[in-house]
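The following pair of complexes shares a single chain, subunit A, combined with subunit B in the former and subunit C in the latter.
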Partner chain A sequence: MATAFDRRRIPAPEISIPPIYEPLLDGEAEAGPSKRVDRANDEARPIFLKTGLISQANGSGYIESGGVKIACSVYGPRPKAPPYTPQGTLNLEVKFAPFASDPRGAPLRDTEPIHLSQLLTQSLIPAIQLDQFPKSSIDIYLLILESDTPSNVLSAGLTVSSAAIADAGIAMNGLGTGSVVLTDQNGEILVDPEESEEIALQSQAQAQGQGQGQGQGNGAGKLLVGALPALGKVTNLYMEGEVEVDQAIQMIEKAIAASRDTHTVLAQSLLEGALERGIGGEA
Partner chain B sequence: MSSSTILLPGQPLPSSLTAPPLPACGSGCYESNGRILASIVGIPRRDGSVVSVIGREESGNTPDVGSVVSRLTPQQAHLTLTTSNDRPLPETSEEFQGVIRISDIRLTERDKIKMGECFRLGDLVKAKVLSLGDARSYYLSTAANELGVMYAVSEAGNPLLPVSYQEMEDELTGTREKRKVAKPEGI
Partner chain C sequence: MFSVKTVALSSTQSFSDDIPATHRKHQAELDAMDLDEDEFGAGPSKRNIVTPGEVITSSKEYMRGHGTYVEEVNVVSSVTGTIERVNKLISVKPVRSKYVPEVGDLVIGRIVEVGPQRWRVDANGRQDAVLMLSSVNLPGGVQRRKIESDALKMREFLAEGDLLVAEVQAFFGDGAMSLHTRSLKYGKLRNGQLLSVPPQLIRRLKSHFHHIPPPCGPTGVDVILGLNGYVWVSNGTSQEKREGGEGFDSEGVYSDKNDDIPPEGRQAISTITNLIKLLAQEGIPLTDTLIEDSFNWVNQNQLPPGPLAPNETERMLAEVVGVDITA
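For the complex of A and B:
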């Protein structure tokens, strides 16, 4: 018997066997429309979004978007410990499940979530009417169950936290949604890039960086946009890489268009959630 | 109820509700560039010159609250807020606290108030929020006829019925206890 037993982890069975799948039929693609061959350059992968799944929280949301799965719970407004603040405080915490990243990360050790939660807080603050909640705090916890790239996690995280905040009945200016676009080495603008596309971009940039010093030839980059599509406002832009101004403007426009599509999905799931829970005492 | 009547944050209120004269914004909505937009998921409603959006739960500032007395001192009563504007407050691990100071209990004869003749532990009290109060609690007031104790139990443990503005009676034993009684609705 093992003497040192870590109670914080779920013990796995001693023997494990990989699952056996039925072989694919000839010509049958692997499941999911996530591969770029199945979708246009300006088409995002489908999103699954549902609110109200975590019953202990005041509001919650769950999103599956491409290679990202996030569970988000919102607690509050709850009374905040002194000192007094005339505005509400937003506490946001991003946690990665140990199985969320590849390679598997050590539990509770990584520093990536701090950076992510700061960026996410910045994108969320313009969406929430914090002045409505004096002396209170709103706590948001995001648990990343599966992740591919940090930017995809951020954009899905923004969408799902908006859903969870709205589900909690907390006053907002509008629903925030995130979207990612990428300009590849051929100058093509790809909406909602998957991990392989981003890796290709990075290795290209590295190769060019070694070859020509600072310059990056034809230009390639990645852009993350946080937007309030209902108000026609952009809350946050986060860009990596180097592209021409015209190209950057095109990227922003594509990203805003994509965030509008995401908003439709978000609105639909919020309406469904509201009907399921009943609104204003009526069911 | 069809889903088309439900508004989402950032969505403008239907023009039938915002017809001139431009109404004031109540809870659940806000004004932006001359338009009135919803700020929560809910159903819009217009009461005279005020439009509001009614959501699932009340979760904002608390002008009119129901609360339970949790601690009494000779100078003030400490309460735990349970409802706001007749809607339950969201359930959280910590609860919002309120304080009624002895001078805020009654409108008249404020200098003769004795705490023990107004509230007892466990009483259900309807109060108004006076201010955001100190760092910990809201300051509440019951200085109005319709505010005060709404439900209480006697020393024998039976429910009390209001008999006057400062007395409640145990129907079973007939004993009377002093309280700052809220005027029941419809009288």
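For the complex of A and C:
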């Protein structure tokens, strides 16, 4: 049994006891990711975003968005090995910390994030002026410290990587932001859904799929939009599920509206980052 | 498929129609448009700061400079930074970025590769810089032709990891810089330590070689402020020795051996290094007088050797630079 023992890991103690907390007082809010009770259905999730925390990187960002925490570092533009490329290349790597997912992921096994990094790269490329960086590469590393659903990770990942790229002083067309929109079984549109809301949708859809034929009911789906809110452009749309066209339009519009709010926060955190370096003055 | 396409278009349109003023317009735009001639060359307090994608002004009246691009009829910022304006030219200076070289800049670099007739040098730029064998002075002092045997001995002059101070001579087509060390002021560095600060903090000065005289160490301390953000702090020498006067060792230009530096000299080097680090940490632009003033402050207050205590740092910054970091 003990043959596959990884000596690089620190083994957990044999007995572990969960900590005991004092019960919450009446009306006291529980710590942790924001819950839907704090906001309306079409309101973007409040986020925490800070740039410049990783000192050795050329640019960095850290985001907390609901149940997602990501540290992102950007290196570059730096010289790239031959062959010659007239445009810069973007290398993006997404890694999950072993403790980032529930259940705990196996260490040193990161095949899962490949499609995440592909989707993220697609959403990011229109935001960066890669034609300004011939023969160079820009390397982005996202370390997921905590995650709930892949779509939330993607949307937060897009926001934080734009922040980090802007922090590195790399020329961009605009700041990319991500937002997720979900239509539940009652036709209700939820912006930036929580994990529980998404799970509810999935289980309902499964139940319905078994019970009835296809194309019944209101339709339910999930939509991820990558946008450049300052320019009014959409960089990526990723949709799962089955909804009417009108409903889909509505979802896209809600997602875009939410991405504008996120953009305000993103721009603000960049300005704060600049002020911290003593630049900007009273501006 | 077709219907989805039309949908996307209409939603994009409605999206850009009602973009809030905070995203599209900036105070700077209004300021820049209604600019009086008196406000020309706006000082630091007038400066405004923008984020990527923010519209700065109309491209009909202004030209786009670095850090901006033109989108439809607008000049739009492409980096986070401060708006700089020269006449009709609008540019945005990034808060933090890699070093953007200009011809004539003094830089400090590290050799990363020895290649055919050239060295590749890391100078904190987007691309590695190139130092051609034909643009260095070889031992012997006098100008002489480079022959094949010199090309074979390149690693004896400068090997991987060696540090050097050089000047930007020209650019290649891809923006990489070509360096030269054709002056006795330039060349291999030794007897000191390198530190790296954001390149934005180094201003173009009359001279980038500074000598802080004793009591800063027995022979003083030399500081070279490279415009690429690399700073070299070394044991002090006299100006003649540095620039080819009396006592200049023309054969020792490419020497790998450090001189004997007494403990007091080493102490002085690290004191200066610590001070530069502190100033850079607070985003204060570095000049020779500032470094010297802060050393004099440390000297007058007779502080113990080693890094400054946090409260001493506060006092030093307040008294020397006039910056209050407690707030």
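The criterion applied here is as follows: the second predicted complex is superposed on the first by the 252 of 283 C-alpha atoms of A that agree within 3 Å, B and C clash if a C-alpha of one lies under 4 Å from a C-alpha of the other, contacts with A are read in each partner's own complex, and residues count from 1 in each chain.
Everything below uses one rule, namely that a contact is a pair of C-beta atoms (placed from the backbone, for glycine too) under 8 Å apart; a residue touches a chain by one contact, two chains touch by 3 or more.
Just so it is clear, the model here is predicted, and its values are computed rather than measured.
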Original post:
Clash or fit: subunit B and subunit C on subunit A?
Top reply: clash
Original post:
Regarding the shared-chain residue A:V234, is it in contact with subunit B (first), subunit C (second), both, or neither?
Top reply: second
Original post:
More subunit A residues touched by subunit B or by subunit C?
Top reply: C
Original post:
What is the contact status of A:L24 with respect to subunit B (first) and subunit C (second): first, second, both, or neither?
Top reply: neither
Original post:
Touching A:I199, do we find subunit B (first), subunit C (second), both, or neither?
Top reply: neither
Original post:
Which partner does A:I249 contact after superposing on A: first (subunit B), second (subunit C), both, neither?
Top reply: second
**OP:** In the overlay, answer first, second, both or neither for which of subunit B and subunit C A:I114 touches.
**Re:** neither
Original post:
With the two structures laid over each other on chain A, which partner does A:A267 touch: subunit B (first), subunit C (second), both, or neither?
Top reply: both
Subject >> Region of subunit C that runs into subunit B when the structures are aligned on their shared chain, from 1-9, 19-27, 217-225 or 235-243 >> reply: 235-243
**OP:** Pick out the shared contact residues on subunit A: the ones touching subunit B in one complex and subunit C in the other.
**Re:** 58, 76-79, 129, 133-135, 166-175, 228, 230-231, 267, 270-271, 273-275, 277-282
Original post:
Given the complex with subunit B, which residues does subunit A contribute to the contact?
Top reply: 58, 75-79, 82-84, 127, 129, 132-135, 166-175, 228, 230-231, 267, 270-275, 277-282
Original post:
For subunit B, which residues are in contact with subunit A within the complex?
Top reply: 1, 3, 6, 8-11, 28, 30, 32, 37, 39-43, 54-61, 87, 90-97, 132, 134-136
**OP:** Using the touch definition up top, name the residues of subunit A that touch subunit C in the complex.
**Re:** 52, 58-59, 76-79, 129, 133-136, 162, 166-175, 228-234, 237, 245, 248-249, 252-253, 256, 260, 263-264, 266-267, 270-271, 273-275, 277-283
**OP:** Name, in rising order, each residue of subunit C that touches subunit A in their complex.
**Re:** 3-4, 7-8, 10-12, 14-16, 19-20, 22-24, 27, 44-45, 47-49, 51-54, 67, 69, 71, 76, 78-82, 94-98, 126-128, 174-176, 198, 282-284, 323
